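See structure below.
Chains: A, B, C and D, in written order; residue numbering restarts at 1 for each.
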């Protein structure tokens, strides 16, 4: 079996689990008042070149929903892509943690929020109107849920459209490492310097194990969020074991190495697809995910070959590369696709 | 420094972290559809001698609040001790996750819900009345928040009073291992056979690291709870790393060994206190916690000696023993208390 | 000024206010335990030819949101038209009262939910999946928010698609009287016999004053809803004054007389529009609302003439007829439209 | 039958219903954008001698819960008397509308919050602590739920204790008119000048019909509250009919005349009770309610005589006077009590 189902089916980076083990000595105050969590604040503040507050949380859903809930009142409207994970796959955690917050979808290319369409949608809501609720935030998914990556200019354009109407900006960075690896540059430019107030900082999908984090750039949000997290059951009493993982995740650029690895193997597949007729990408492969239109019979054939992947619909598949996906696995997939889709490439039975 | 602050300041059992590491191979489906989580269901069903559903969660607060929210509508009344953790220390997570659930406190000895007072309180609410909300559940904390342990008869009496009025019964088992170690017997008798519908199964305070669990005995509750947990950000995508810890926790009676160890050193302190004038226990020491009234000056003196503990008020202290608290640490505490409280025991300066 | 802004800008029927006054004698138990509220139950049960429970509420928003919240857990998905009032104009009351309930929009003609598209959307959600939440209900707006009316066959088709997947069916009957007046037949056929479980029974827009109602057909829903209404601040202590209004509303077919009157004048306008070039209806005029595409300059001209109406966008207007809108007012509107839109009809300046 | 059950069993003042009728002419914009609601703002601003915002709402429960929800985040703690209506009789609407807000009870005389006990309770919560939630407000019930009235000095003392810790102050003025009639002085002194930020302004219990109001003194709270009210289903589209009632309520001091009338007859009963052995008042009669300890047999006897009242427990009764309770009804009650309780007063059968 060769597994392209998801980046959450994979192993954790050994360095992360070893860091967890190394934290298992002596006693330490609970609920984040320990030295590892203090170090975490420092490391991430260095990483982002500004003072940030970092809150480890159990899952990306918790990170997203609680970050968004911190951005405004419960009658808030949060704008996001129609394919955003918060809209399609988190059982409306945003509505729940927000106390009735509503998601409003904005279209755009490849899972992005289009800045102009956002501005247009906001222009349609008169300030002070009561009947719709109040626009409070926009959420960008970086990399997007179709495997594309916002450019710096695109992030800035969305953030500017938001700020002109007083909205806050959230980044769902479940695959932020993949986006950063793609774009190069530094984390600060792609986040707070571009107008991001708060971000869900993903680790799980990129070699993490049991924690992600919320990174707060607009520090006025942090104290209230701390209480909300406590109430939401997201503050581990033995927080050190989470903080130690997150420190290890960014130590020595481990996170970027892993993201580069998964991006690279995804790019290898994308490159190979160019020569294969009948396999259409629905979005450019800019991170570690490949969304591919395939005939249903080809899907069956791939599964019969032992490939694992998700069927998004009768004609759409998703293949995800993990940090430890091997080039050989990519090549095997390409060979199989070629075999099933390209008649010319098929071995002739009669010869 | 000798640390009696809490059982969450301590290390995790090495066996638990090793199990986490051993789970780090190959790929596995996310969100609990892995073999470790399947095994977890089996192990706990064996442990409790009945089919149960087990949901790993990040924290005890999440376990309590989400378990309680599963027991009835959002206008529910949940009865608990006035000193229950859910009432005093979880930032009203029960009210939040329940959508407005209200806690009603019932007095009793040493942090217990008194069955007769519960029945009396319930008798004061006419069925069908609208103005108060609707009684839906009672929550028992085992061991209690004052370090005492419900006997089997006491659990049954509370459960019976609850069931007579159609209420469900929840056990906050953050220190269930300590209670079980104290009472002997088996987990089934002390839970579902005594009338418990759902329990928060604690591991963190007894040598765990990053997860506790909800154990569902009344299986009609489980499917809805599963969706609620997903929405609540409590379903890890790499669930195997949580399930592996919980399996290791109960493997070879590890959990009971650890609970016996912490209980034993607490009992050693309690025994030693009998001879020390001026140190009054506010509840019997039946698990791993000691609630001790001390003069404020004695608290200062203990801290100067390097002892760490919590001051609950100007006159009340809490000392908690962990699975790895040494007998020597207990003896040092007793010696210090004797030194500060017993004039007869004090070395005479003049001699 | 001639007012076509909304059916909520208008007067109340004198008969309704007189009934309120007539109820002002003697004392009566509070919170609905009075004889008027008891009579209300009987009258509506006769009206709908089955035992129903009727709960007066202050507003249509309360009726919709609380009715929907009664249909399933807080992680529910409620399907509705993209132009439904609950989706566009109630500040996400559904999400708030539901504790995070999410609205999912289904397209259809003229503000209707299309039964086939609903079935298709439901087919895309596997039973037991956790990530999206759980489909619990569909909400039909009768008449629709574009002034059209579901036929009996259309209601049945939607209800059937819903029931096949275990969903409940809600009708937002803010303008139910107008729909009934249009379709003829009886209230029972168009509601519970067609598969409706619960309805928001509007009065305010059709000559009412300060109350609407929730009518419960599936009686298993009623007891819980009663508590929820109490908690939601929707149970008047002097309920008799609301119940008396609702009784008067249906007495002697007052509601249908008023609905027929407003429908008739809307139909008169629609008929007149056929001869006017440049005025395009976006939906058939089947109740008391007219959605008309007009050039922006024509809107300005109408306003200069003293007509009041809503601009839905730069090209779309809404004109609403009330029970007391005069035929002369309709004719004046048609004359003005003709004047502004039909060059041939314009008086020649030179003559 | 003579009805002392509640002030919500009674009639409405004819002047209020007549005002409602007088508002029934012409058209007016919906949702509070009408001239009556504009006048209401002016009248109440004059009444309170400062610019206020007034929001009509359907019920006192809505007023209380939504006012409190406007005072802080959903993890807030709201302090109130243990016998406060919000704590005992509103099905935890405060917890629901607040998204998990928790009520914390403070004892005091006769249903009051004691300022010193409040200060003490607040002193026990360290600023910045996470585990309990955050103190955000205190709620005073004026008159109290035991029929007593806070003096100006008492209001100030509570408000000061609250403000020292940054809490906001809410007044549940369901019977504010009765308190004002008792104390004399002006509404401003007893509210915002004494430190009240927001109040529930009751009308229903004092001759109103279908609406109460929220009066906002701290205007920073008002805009958000307006959206929340819309979402909460408390903004009537035909708001004029509510606003007209509230204007009539305060016009020509109608509200105070009614309150003085109900207070006066309650005082007459209280005075008469002095001579009757065996009837013990549990609180001074300072408004229109009388809480009287009576033998159970006396309760039975009164009911047999045709008196209606509430039994709060086996030994406690409540008698409430309405604006139209006649002195003869009070005298009849006193005569009956004397007959049943005073053997000396009983007519001798043999004579």
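Please note the rule applied: a contact is a pair of C-beta atoms (placed from the backbone, for glycine too) under 8 Å apart; a residue touches a chain by one contact, two chains touch by 3 or more.
Treat the numbers as computed from the prediction; the structure is a model and nothing was measured.
Each of B-C and A-B has its own count of C-beta contacts, and the greater count is at A-B. Chain centres computed from CA atoms place A at the largest separation from chain D. Centre-to-centre spacing of chain A and chain C amounts to 41 Å, using the average Cα coordinate of each chain. Chain B and chain C have Cα centroids separated by 52 Å. With each centre defined as the average position of its C-alpha atoms, the distance from chain A to chain B rounds to 35 Å. Touching two or more other chains at once are residues 31, 74-75, 90-93, 96-97, 99-100, 130-131, 133, 227, 230-231, 235 of chain A. Contact residues of chain C toward chain A in the complex are 74-75, 77, 88-93, 95-103, 130-133. For chain C in complex with chain D, the touching residues are 3, 5-6, 8-12, 14, 17, 20-21, 24-31, 57-63, 65-66, 90-93, 96-97, 204-205, 208-211, 227, 230-238, 241-242, 308, 322. Those residues of chain B that touch chain C in the complex are listed here as 31, 73-75, 99-100, 128, 130-131, 133-134, 223-224, 226-228, 230-231, 235.
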